[in-house]
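Letters A, B, C and D mark the chains in the order given here, with residues in each chain numbered from 1 onward.
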Amino acid sequence: MSIRVGVVGAAGFAGIEVVRLVLLHPEFELVAATSNELAGKQISSVYPAFTGACDLAFSTHAEAPLKECDVVFLAVPHTAAIAQAPALVDAGVAVIDLSADFRLKDPAVYEKWYQVEHTATGLLAQAAFGLPELFGEELAALADRRAKGNGVLVGCAGCYPTATSLAAAPFIRAGLLGEGPVVADAVSGVSGAGKKATERTHYCFADENLEAYGVGNHRHTPEIEQILGIPGRLVFTPHLAPLDRGLLSTVTLPVGDTAISQAMLDDLYTGFYADEPLVSVLTGGAQPKTSSVAGTCRAHVAAIYNEHANVVVATGAIDNVGKGAAGQAVQCANIVFGLPQATGLEQIAIPA
Amino acid sequence: MSIRVGVVGAAGFAGIEVVRLVLLHPEFELVAATSNELAGKQISSVYPAFTGACDLAFSTHAEAPLKECDVVFLAVPHTAAIAQAPALVDAGVAVIDLSADFRLKDPAVYEKWYQVEHTATGLLAQAAFGLPELFGEELAALADRRAKGNGVLVGCAGCYPTATSLAAAPFIRAGLLGEGPVVADAVSGVSGAGKKATERTHYCFADENLEAYGVGNHRHTPEIEQILGIPGRLVFTPHLAPLDRGLLSTVTLPVGDTAISQAMLDDLYTGFYADEPLVSVLTGGAQPKTSSVAGTCRAHVAAIYNEHANVVVATGAIDNVGKGAAGQAVQCANIVFGLPQATGLEQIAIPA
Amino acid sequence: MSIRVGVVGAAGFAGIEVVRLVLLHPEFELVAATSNELAGKQISSVYPAFTGACDLAFSTHAEAPLKECDVVFLAVPHTAAIAQAPALVDAGVAVIDLSADFRLKDPAVYEKWYQVEHTATGLLAQAAFGLPELFGEELAALADRRAKGNGVLVGCAGCYPTATSLAAAPFIRAGLLGEGPVVADAVSGVSGAGKKATERTHYCFADENLEAYGVGNHRHTPEIEQILGIPGRLVFTPHLAPLDRGLLSTVTLPVGDTAISQAMLDDLYTGFYADEPLVSVLTGGAQPKTSSVAGTCRAHVAAIYNEHANVVVATGAIDNVGKGAAGQAVQCANIVFGLPQATGLEQIAIPA
Amino acid sequence: MSIRVGVVGAAGFAGIEVVRLVLLHPEFELVAATSNELAGKQISSVYPAFTGACDLAFSTHAEAPLKECDVVFLAVPHTAAIAQAPALVDAGVAVIDLSADFRLKDPAVYEKWYQVEHTATGLLAQAAFGLPELFGEELAALADRRAKGNGVLVGCAGCYPTATSLAAAPFIRAGLLGEGPVVADAVSGVSGAGKKATERTHYCFADENLEAYGVGNHRHTPEIEQILGIPGRLVFTPHLAPLDRGLLSTVTLPVGDTAISQAMLDDLYTGFYADEPLVSVLTGGAQPKTSSVAGTCRAHVAAIYNEHANVVVATGAIDNVGKGAAGQAVQCANIVFGLPQATGLEQIAIPA
């Protein structure tokens, strides 16, 4: 099988990681990588890591034969996916959207947090949510529709929602959550701030620095609440730390009426992810390390019972651009095309 | 005035930072810097930053003329301060202890968390808590006793407690805290793990990595609860990030019955620290950055009202070895000797 | 084909990278990974990057069925390979030695620089030098002997010699080198200092630091001179910089009687490596970046004519643990077993 | 004494470091800090390290009372200093120029390397070269002229020239240099690339990366040759490494007819800098570390005799923004005003 792939917005950090993963994928063939800004330039001249590995040049969105692709990844800002996805889906393409446009099921929530109208609500209603370990059935349903020749759409989860939800979902879905706020303090590497050169991404400002940002108003808040089913209860505070790739979310979960033990937690989490090739549960007190998943589509999670305050502290580590964006997008595409979900995603992080 | 200073445990990260600050201090004279392990070696041969700035060699604890010092800083592991402080205080020395031995007012709490008996409870009862912005009266009382020629003892606050408490105290002391857990997720640079070469401190393991540690059982938990008066309510989760110096604590504080606004918070915090030379409040949405205080004894704090979940998110940034240890120790010593508290602590961080 | 692989010294940085590459290799099967120190521990418990990807535990050298392997990688200190290689070769195993024991063709040179007698000089005489792009014929000859069922031995090039020689060889082999010293100033990431926790590898000492080391006496000096055929002419100065993986060698080459132009250099280098899948030549003024090859077995080289001083400045970037050690070892093994040399080495570095 | 100070171009990395040092200086008073781009903004709002330490706002160049200052630091791009210095000198101000405009004594050399005409050659002829340890007499002469009320001008050395020349000068001035190229391979932290946000300074591109740049054509080449008196003989290759502050230059010096020993070198270097408070010589095989001088105006140098190739390898470590720019500028100002040269420059680097 050779699945023809287009990547729109291929010059950004998520887009170029999709390109990397497609080149390494045994069933995918890279047909087009678009960047209006860099059109005509060799990918390897912009990202020299591709030297000797890829001869393709960036093309414009308009020139690229996207409708002739089997799958198109949209690595574009929000609103741009709303503009581009409908025509591609109509043309029978499987569209994997990495933007925020098709994540929030309620258009009103989208409009509140993104301050823009959602103009493709019909398509939104048909989109599957791209977080396979928690919404596998939605994706499986898409695979069926795709197998019948239909265009389909996946709205992939964001980076913070992925790590936070993978850490918290087993506990919450087991009905163990008590009352009160759920606090998610998450820390991301600088690649999360994107490719644009700004003061925030300047080496000398990011180096040797820790800081919170978007306190109380980060747009991933409603997405996490939707995934976990905890509307209005999430305190989400993202932070930046001096590393390139990596995201750690630490979620403090109030315990409800059911008494908790560490053994119960370990069993719960281990069982929950037993059949998931890309999520591993650490037990015995081991904590997820972002370095163990950097450059991969893997996630490591752990849950510790904090007896002192009677809460559970669940942690999840991912590569924000990998499992948090491009890797997860490829994982979703694998599912849509009936491939084993980890196909082409066997990377192992540099051990140390 | 020339105040004779001894530093015990001068080879560790906190101790050598005390040495640095003493050398830069206009009223302090470094008389002895002890390290049993490195005794006889020039300080500058171990820490070449002192080349051209300090000709002293490390001496053993036993050889150093500590009782002839006006002030002795104990930068030693817990239990070692219990062993050394009493004789020095009896000899009329002002002892500034950076260890955990004289922080917890209740010996039973010390014994529970440190798993060792406290054998100097009489001295513990007389010790002042070394966090000047929150316990200035205790330190002022010590200055009086010192002025009369008595030996005195300060048990300096730990690094996480300093950042966490400076961030949370204005809100809590104003009686605004509601019910439920107080969640402090804090991130420290690797210097917090100490000078010992271990896998945790190995560059290749710490680089490009984020991870939580001590989840649910870190010994700073009871200290923070004591400072803030919230026994059994703190969920404290420390993390390591790839930087040398810097500590950021993000504290999520449930709001009580009093309605909160951002303006009220800004006024509260600005007023609380109005007379404090080493703590600055950031308003207007600015967030504390550890890089802005690295190498200094300064703290930056901010408090944001998260309306979505009706909590306050307070953040505090310090240099874990500066305001979190050595700088604060010097600040306490300044107060004990009747000097302006910021004397010799005017360092400004490298701007970028 | 399934080639049975043993890795001796698998817990060190080079050894564990061999393990990683073997797991990702389509034709290799990992049979044993030895570490006397960590025997019995799951690899993934020591290096959590392997969680979900490898269930093997470390075994002792003695227990491991090394003689039943097709190929054994020796990732051990020098002298340990001399002790272990002969019996394995006698047993018909293909031995790929990553240590320094079988690199220097003249035992007297080995004994001078390593201050120990070489006790396997017979085997040394039969060993191929493991730097495929420059010594492909030696390796091809080994493939023939291996195909006939014989044990064989490859002494893989060191990290600094690999980067330095790939950068300088096209110029020198073309007979363009003039008189005078050849200066190689090279910079390595901290992984080059090994897994042992020391002051040198402590995050707080390595972070934000640049320094030279081994000035005038680094053991890679005679190896580079041997590869390039410039005995007594090399000034080699290695440095450490704050990164994990990556090595850049900058080689200043005096120009001889032949007049040089940039165009000539570009042609020379491009032609020299035209058929090499793992070495790319950058032209048009682009400079090799270590980040473009981190985590891979690729090398990027460039040569610039410095007209001002009439020298050529050649630069080579590799991952010191990848192309500089484990990757090159796998590349050599591929050749010995008649596989395309880049088999299993198609990794592409994280683009940014 | 209170010396009134203006800083032009105060928002860049060198300019803001001058501001920091002026605020910490016992004899200097900051009167104006200009930035046309940021005029009106609090310095502390742009660089939060100044929060609580400085209440000044940036002003425009035009508004600032520069002619009423005793000393004005020009931290501006080349050509801008030529435009601004003459009027200030005419007004009797001591001008300390950090740009390249008044470094090269021969206008033709300036015009060749900077590709622009030098329109203040009269002033150039009167300027002192700002590298006190090597050109102290020029600066002392300026102090005399300044004491008589004249405006004066210092053209401060660049960062690479400072480290390179401090390392090489003792050897060369002793007449020990043989024939052939002098190779200086230098590595700088990212702050050397300036405050502008570009791909080069983006965290994700600079992190975990080493690369050479400006190979064969860097503008510091003629400046180093001028300082050391080696026209046309310097091979200068700068590199970037992932750190903020720090610059290490490794200089390979051919040995002439005089036989060299390590003891002779140590004596030579130690004697050469014996009276210099800000330059320290490391002996006994110790190598300069940039971390030992970061944030300071200190320089560490060492010289090793490489017997194998009969060359001397001299290394110099500085903070590129400190001794390499702002610190050296303040040091020059101290001399011009008759102060001890290290006044206000007693900072000691963070030990680890």
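Basically, a residue touches a chain if its C-beta (ideal position, glycine included) is under 8 Å from a C-beta of that chain, and two chains touch if they have at least 3 such contacts.
Everything numeric here is computed off the predicted structure, so don't read it as measured data.
Common neighbours of chain B and chain C (chains touching each): A, D.
Compared on C-beta pairs in contact, A-D and A-B come out with A-B as the pair having more. Averaging Cα atoms per chain gives one point for each, and the point farthest from that of chain D is the centre of A.
Per-chain CA centroids place chain B at a distance of 36 Å from chain D.
Once the centre of each chain is set as its mean CA position, chain A and chain D turn out to be 46 Å apart.
Centre to centre, using the average C-alpha position, chain A and chain B are separated by 39 Å.
The residues of chain D that reach two or more other chains are 13, 191, 195, 202, 204, 207-208, 242-245, 289, 291, 294, 352, listed in rising order.
Residues of chain B touching chain A in their complex: 180-181, 183, 185, 187, 189, 202, 204-205, 207-213, 215-217, 221, 232-235, 237, 239, 241-248, 250, 252, 254, 287-291, 294, 304-309, 311, 313, 315, 317, 352. Remark: chain D residues 13, 190-191, 195, 197-199, 201-204, 206-208, 242-244 touch chain A in the complex. On the chain C side of its complex with chain A, the touching residues are 13, 16-17, 19-20, 23-24, 45, 47-54, 191, 195, 208, 244-245, 277-280, 282, 286, 289, 291-295, 298, 300, 346-352.
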